[in-house]
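Several structures are given next for inspection.
One chain, chain A, appears in both complexes that follow, with chain B as partner in the first and chain C in the second.
Our next item is the complex of A and B:
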């Protein structure tokens, strides 16, 4: 049986808390392990905050669509937005031995996403960014 | 996120609980900056109550550890849960900050 969660967020960092509360409640409702809950929340936090901070040049209100689905022990997380084209897979791996001030802003967050999720795919479709992330899960 | 603070044998022990997210990271940076500005040179961060951290929180740890090293001081982490340790490790933080499984070991590292 497939379980889904659909969230519509505004481009305001105050939305991050509402998102993490909803994601945690959905994970717990599906008995998803606390490790997988942490990783899904972390990946969404990093991606969404990046889009909200750097995605739009104007100051207007925009919307991000977040969809989660659980099927066959795997969570699929989709993030869709009409921000500037941005492919997180093209962000170079940060040199973790370099001093922090010499590293690219945002590089650490995207690196974490790649480490904690099991698969990432990016498409630019109909003027929108679509990022699909996969996470194999265990249950609590 | 909440803090507890105590001073033991010249070491400032800062207990951190809750979620070290983007919003909380601003408070954490201010707290650690205040402690260092007020002369703290040996700082033990007890993370036993931390159940979430993101890149903003990691940056605060790295920034504070760098500043402390420049001042010939030291920051160590103690009581880090497995999930938080994993994030510290893959982000490279463990190359810049020492992490100990208990307060006792962390105290020893600050006194050596």
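Our next item is the complex of A and C:
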């Protein structure tokens, strides 16, 4: 059986809380473990806040589409936006073995996403960014 | 999100409840900034009720971890929820940010204070550290302050002066090799611990400065001013202790004179400012424009810019100068009343830098001053004044807390101009 969640977000950081509440409710409704729920929420927070902060040059209102689906013990998370073309998978990996003083600040967000998700794929399609993230799950 | 703070031994314990995500991280940043500005340099964060942490929250933790480490303070996470532990771990920050139990226990018990003399007077609390027993300061007047009236400074009345690390000085001057090169940009200068900063009057409106490299000190072309040399006898750390939360320049100077047990003294202050009041020349004082320039009314505003309200209200100020309990002796030509209601006179210049908290306890003058020039932005230079006109007056310069190096002035430098 396939279960889906579809969210339309405005480009305002205050939407993060609403998104997280909806994602958590959906995960619990599908008996997804709390660890997997946290990982999905973390990946979404990183990706969405980055798009909201840096994606659009103008100050106007924009939309992001977030789709979650659960099929065969795997959650697929899709983020779609019409922001400036940006492939988060090209962000260089930060060197976390260096002392803190020498670490660069950038790249930590996408590092976290890579650590908690099992598959990442980016496409630029019809003038839109589409990021597809996969997470293998266990049930609570 | 909910943020609460309580004092725990040597540290301030801050409990955060809720989400540290891309939205709420900025709120935590503001709260930490405020605690640090109020003087808390040791922070323990209880994140046991933080249900979510993302890289935005991590960035805030790391930013203040680094800032506090630079000033000998610390930021550590004392308790962490499972999600917080997980994110710290995959960010490889567990060993850096998560406090061990022994760290938490160590800071929860007050440390033995460094020996110092604690005193409270004139609206502030002071911790006085002896520096050099019997240390003395001597001064040397440079040029003739009277030539300012009418803007009559010329090559023959000016001199080339260097300010080595053991000296400090104030006056009108400019950085440069010769009078010809500098005559169109002379302005207020301040020299402390081998650094010199001045405000050029050539219309650039940006303060200029040089930090001595090794033992090579920059040449300053000086119209008139004052150079002091020797050693400070004491370092006094101060913090305002009254209902306004600030202490005025006069209160500070009055206390410093008592601490130094002196009638005349030299001092260097590095302090968190709550507003500076002063003036700076807008045009070079060498053009002989008018008989009474730059003080002639109403054109005085073309010549001098005044702060009509407190400027640099949240900055780190470097202030230096001399003070005296009366207009007597060789210093007299440099001395002006600090306010109309005190017999204390003095002459002070200030350089305002972008804000950052100042390390607590016993700090070193040269290192502190050089790090201001190296790490902060120099915003402006002022000759400090008090504006005590009834109703419209902007008052005088105010400080929250800081460090004051002071010493009695015991005479003039031999052989000097």
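We take it that the second predicted complex is superposed on the first by the 130 of 140 C-alpha atoms of A that agree within 3 Å, B and C clash if a C-alpha of one lies under 4 Å from a C-alpha of the other, contacts with A are read in each partner's own complex, and residues count from 1 in each chain.
To be clear about the criterion, a contact is a pair of C-beta atoms (placed from the backbone, for glycine too) under 8 Å apart; a residue touches a chain by one contact, two chains touch by 3 or more.
Because the structure is a prediction, the values reported are computed rather than measured.
Put chain B and chain C onto chain A via the superposition and say whether they clash or fit.
clash
With the two structures laid over each other on chain A, which partner does A:49 touch: chain B (first), chain C (second), both, or neither?
A:49 contacts both chain B and chain C.
Of the two partner chains, chain B (first) and chain C (second), which one does A:33 touch, if any: first, second, both, or neither?
neither
Applying the document's definition of touch, where does A:63 land relative to chain B and chain C: first, second, both, or neither?
neither
Examine A:123 and indicate which partner it touches, taking first as chain B and second as chain C; both and neither are also allowed.
neither
Given the touch rule stated above, what does A:112 touch, chain B (first), chain C (second), both, or neither?
After superposition on chain A, A:112 lies in contact with both partners, chain B and chain C.
State whether A:140 touches chain B only (first), chain C only (second), both chains, or neither.
neither
In the superposed arrangement, which partner chain does A:13 touch: chain B (first), chain C (second), both, or neither?
both
Across the two complexes, what residues of chain A are contacted by chain B and by chain C?
On chain A, the residues that contact chain B in one structure and chain C in the other are 13, 16-17, 20, 38, 41-42, 45-46, 49, 96-97, 100, 108-109, 111-112, 115-116.
Help me check something: in the complex, which residues belonging to chain A touch chain B?
Interface residues on chain A, with respect to chain B: 13, 16-17, 20, 34-35, 38, 41-42, 45-46, 49, 94, 96-97, 99-100, 108-109, 111-112, 115-116.
For chain A, which residues count as touching chain C in their complex?
Where chain A meets chain C, its residues are 13-14, 16-17, 20, 38, 41-42, 45-46, 48-49, 52-53, 96-97, 100-101, 105, 108-109, 111-112, 115-116.
Quick check on the complex: what are the chain C residues that touch chain A?
Of all residues in chain C, those touching chain A are 19, 21-23, 52, 54-56, 58-59, 62, 65-66, 83, 86-87, 90-93, 96.
Show me the residue ranges of chain B that touch chain A in the complex, using the header's touch definition.
19, 21-23, 51-52, 54-55, 58-59, 62-63, 66, 83, 87, 90-92, 95
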